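Letters are used for the chains, namely A, B, C and D, taken in the order the chains are written, and counting of residues starts over at 1 for each.
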Amino acid sequence: MGNALQQEDTTQKNSTLLGADELVINMGPQHPSTHGVLRVKLKLDGERVRATECVIGYLHRGVEKIAEHRTYQQFAPYVDRMDYVAAVSNGLGYCETVEKLLSAEAPPRARVIRTILTELQRIASHLVWLGTHALDIGALTPLFYCFREREEILKIFEKYCGARLTTHAFRIGGLQYEAYDGFEKDVERFCKNFERRIQDYVDLLTGNSIWIGRTRNIGILSAADCIALGASGPVLRASGVKWDLRKAQPYAAYEQYQFDIPTGTKGDTYDRYMVRMEEMRQSRLICLQAIEKIPEGPILGKVGKVLKPAAGEVYHSIEAPKGILGYYIVSDGTTQPYRVRIRPPSFVNLQALDKMVRGHLVADVVAIIGTLDIVLGEVDR
Amino acid sequence: MLDSITFYFFAGVAVLSAALMVTRRNAVHSAVLLVTTLLATAGIFLQLRAEFIFITQIILYVGGIMVLFIFVIMLVRLDVALQHMRFRLQRWVALFVALALGVEITVVFLFARRLPGQGLLIQEPAPADKLPPNTEELARSLFSSYLLPFEIASVLLLVAMVGAVVMAKKRIDQ
Amino acid sequence: MISPAHYLFLSLALFLIGAIGVITRRNVIVVLMSIELILNAVNINLVAFSRIFGDVSGQVFALFIIADAAAEAAVGLGIIIAFFRNRETVFADEMDLLKW
Amino acid sequence: MTLPPSLEAILTFLQNWWVEIVCGVVIVAVVPLIAGYVVLVERKLMADMQARLGPMRVGPHGLLQPIADALKLLIKEDLIPDNADKLIFWLAPVISMVAAMTSMGAIAFGPTFQVARDINVGILFVIGVSSLGLLGIILGGWASNSHYSIIGAIRSTAQLVSYETAAGLAIVGALLLAGTLRIRAIVDAQQQLGVWFIFLTPVAFFIYLVASIAETNRAPFDLPEAESELVAGYMTEYSGFRWSLYFLGEYANMIVVGSVATTLFLGGWLRPFPNVHWLDWLDFLPPLIIAAVGVYCIYRAGKQPVEIQIWFMWAVALTCFAVAVIFAVPLFVTSLKFILPGLHGAFWFLLKVSGYIYLFMWLRFTLPRYRFDQLMHLGWYILIPLAIVNVLAIGVAMILESEFGWNRWFAALLTSLFTLGIAAFLVNLYDKRTAAASSPATAAARNPYAG
């Protein structure tokens, strides 16, 4: 009797394993491998992901709103707290944007030191990514090696400006602190050691068949997809697009140095891994080139004590470790910005998650979140 | 003395958990109780000095078949579909059938004891120390007199395996 | 001290409990488990008599029964999974279609 | 004086069974302690490989850490989730641990130490009973009523059932060579043949190694409790004492698989080259090794920063010397010679088991984790076919030796090479398959629980 109808219903549901309901799993916000307070709702068929939905905002602090009630200088420390594993890069982007707004320029010495610190920060950020990514995929040991190297970088930061994590290293118009005695030596020693250390990670991971099995062909993102989604940074480059703002729109002192932009071919997790590893080597080369000749001169350009840019708006973006970090500032001629809008790379890259994980297993979701290299402080702001 | 204690212990556990097993509503509880019964039965086998059957029971029944059962119970998620027994009548029928069978067999036992020449049922088994090593004996028998049934059993298992895979395989074209 | 009758009655009890389970339970998985119980009751008899006669054949047959039980469980559970996929039920009285 | 009959019966019972009872009590009392210290050793080794120190606070060099951990776990609040099936939630960890401990009963740590009398099916008993721990895992995952737990439990079931097949077939290889299931007889067979079975069937040992890592849920096969994916898998909802039961079960299981491998492949309690008499000086190694540990402690004692640690190091060193003397005495005193096999046997046995467990840990620190479908493929497409081929090859080798009078080593070498060839073929096939099934679209059609 009712069987015909019932038949219709059940055949519809047959698409899942065993015909049972889809299993909905909440990954996070308290989950060991969502890198913070990201919550991902996974719709599973068995262990296969059919759809995802990211729930973000657990770490929202209204950074952009806060900017409207702070002077330009006062707001600078806040940007350090967005991507807290790459605070120096955030600060560089902000300072350069305000300088652009003021039509001021940092002196050459300041720009070189900025470049060195930012590249060190890039290495540190990639090291955190490598350690946690490897840990997510189950390799315990790289994490500790990575943090050992990162510690060296943080020590340089600490000697330079007294802070390790949220450094607030730069100032609008140049630098706050002169490079300490032996700065070059410290950086050089780090770079010398780092070459050997990076070989350790290569030995542990690159040729490991389990690692290749876990990352090859996982989370493939084509170049067209990347551009459509606005993905940037290593994610974009791993898909084969040679786009790096350090080359495309040079800022700081990058035009003076020789370096390559590594790109991948497939756009899978393994390519992103290889791209970031190569980026670390390139950053190391940039640092080595930069410390060879740090120009003498003042470290702070001519900007007033009170910053009152003319009314207008400006957009400036830099290549942060995670991708394109853009600041859009509207000034109404007062000491406080009228509006600040930040384009955080993690936030934009996170969009790609759903596209990348569909059809993969739960274990791959973890690998893909890791390979996107998101920091929730930046996603939520 | 020790023999009786082991026997009564294992028999008691087996019967008790079997009785509980058929009355529990929750299928996983039933499965756990069946595991208990099977382990108790394995104990009986050990008490009978059938070591190989004892360990086969544990490895195959408890470690294999029952795990399969629990696996399937979890896959079809019975916990969602707990329901009462619908047919009260069936219960009475079952009790009646069981009682009838039980009485019948008991009567046969009792009569068999009284018949002349049927001392079998009260015969003492041979002393344990004099038994030949169980595994070797079993293997010899299995691979000589029972070789053909053994091969047939393996074919049966193969057929069952293929059947189970075909039955449970997800149809990709859907 | 333990006569064969002990084993026979133990086996009888398990057999009857299994039979009751087969008849009363609606859940096919539990019905299958009851059948396993019945097979097990038979095994007790076989092994007990094998011991009394001092002949290992009984144990050989017990082995065959265990193999048979494994085959039966595999096929039975396969059927249950296939059935559950189509009808979302594991209750015997709802399995009322001869053909799908 | 006449005893009442019941008391007399108890006395006879004790007379017959006292060895077993004492050993049982010792296992129940000592295994948790040993498991705790295995954890400490693991943490220390991990710290050493990861350029850090590991536990240092509780006791000198963290030596009292396991006891502190145990205390902490014991006094923790006993949480049971609201919708959990209370009875089974309570029962599951107990099953896991009891299974692991019971299976230890049949292991022979030396020619004289063994709980269960040398039963006919010894090695099967160990394997069968330890596989019951699986029930504890599934039931625990089911009873917690949590998605993570149930996925962990399902993974674990599929994984353990698959790899138990591979391990079982690998064991068959060694059992064919030994021709018996009794544990002591297996070791005796290795003594008579004058060779550890690992050299006759290296492939079987390798398969057993991989499968036993998977069976104990250790990295790189620790998917049921993969913390980065499933939080803690089937143990997600467990805490405190219940959790520690699972934990103990896992580590006890490691000892069990290590012992099985040692018995079957590494010559059990035999010293290296047990039959070669001009190597009899190897008998002096156990006391020498222990004494060397003591000397190292004295060497380190000078470098300790705190006085109490210096004292502690000295105490350890003196204990080592005392133990070394105990091990050495039977070598020189003829009247005590009878305890030599037992004492030194236990030493060699434990040394081999430790080496095996060290290998486990080393792999854990080094390798990333497999994904579930990769794990199943490895098991079903490579290990199980390889194990079957290996069993056949060993049979062929034995026939070649007994019927055609071939040299044993030559036959073993030939068949091992043959098996390795098959292995290369299988790996090649597997690589091609993974290359073919690369895109997510075809991956979606595959069932992760296939097989």
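Everything that follows uses one rule, which is that a residue touches a chain if its C-beta (ideal position, glycine included) is under 8 Å from a C-beta of that chain, and two chains touch if they have at least 3 such contacts.
Computed from a prediction, not measured in an experiment: that's the story for all the values here.
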Identifier of the chain whose CA centre is least distant from the whole-structure CA centre: D
B-D or A-D, whichever has more C-beta pairs in contact: A-D
Gap in Å, rounded to a whole number, between the CA centres of chain D and chain B: 31
Rounded Å distance, chain A centre to chain B centre (Cα mean): 61
Centroid spacing, where centroids are CA-atom means, of chain A and chain D in whole angstrom: 43
Distance from chain C to chain B - Cα centre to Cα centre, in angstrom: 6
Residues of chain B touching at least two other chains: 1, 52, 64, 68, 75-76, 134, 170
Chain C: positions in contact with at least two other chains: 81, 84-85
Overlap residues in chain D, where contacts from two or more other chains coincide: 447
Contacting residues of chain D [partner chain B, same complex]: 9, 13, 85, 87-88, 91, 119-121, 124-125, 127-129, 131-132, 134-135, 138-139, 141-143, 145, 150, 153-154, 157-158, 161, 164, 181, 445, 447
Residue ranges of chain A touching chain D (in the complex, touch as defined): 17, 23, 25, 31-33, 46-48, 134-141, 143-145, 148, 204-205, 208, 210-211, 213-214, 216-217, 220, 358-366
List of chain B residues in touch with chain D within their complex: 1-2, 26, 28-29, 32, 35, 51-52, 54-55, 58-59, 62-64, 66-68, 70-71, 74-75, 79, 133-135, 170, 172
Of all residues in chain B, those that touch chain C in their complex: 1, 3-4, 7, 11, 14-15, 18-19, 21-22, 27, 30-31, 34, 37-38, 41, 44-45, 48-50, 52-53, 56-57, 60-61, 64-65, 68-69, 72-73, 75-76, 78, 81, 83, 85-87, 90-91, 93-95, 97-98, 101-102, 105-106, 109, 113, 120-126, 131, 134, 137-138, 140-142, 145-146, 149, 153, 156-157, 159-161, 163-168, 170
Residue ranges of chain C in contact with chain B within the complex: 1-10, 12-21, 23-27, 29-30, 32-34, 36-37, 40, 43-44, 47-48, 50-52, 54, 56-57, 59-60, 62-64, 66-75, 77-82, 84-85, 89-91, 93
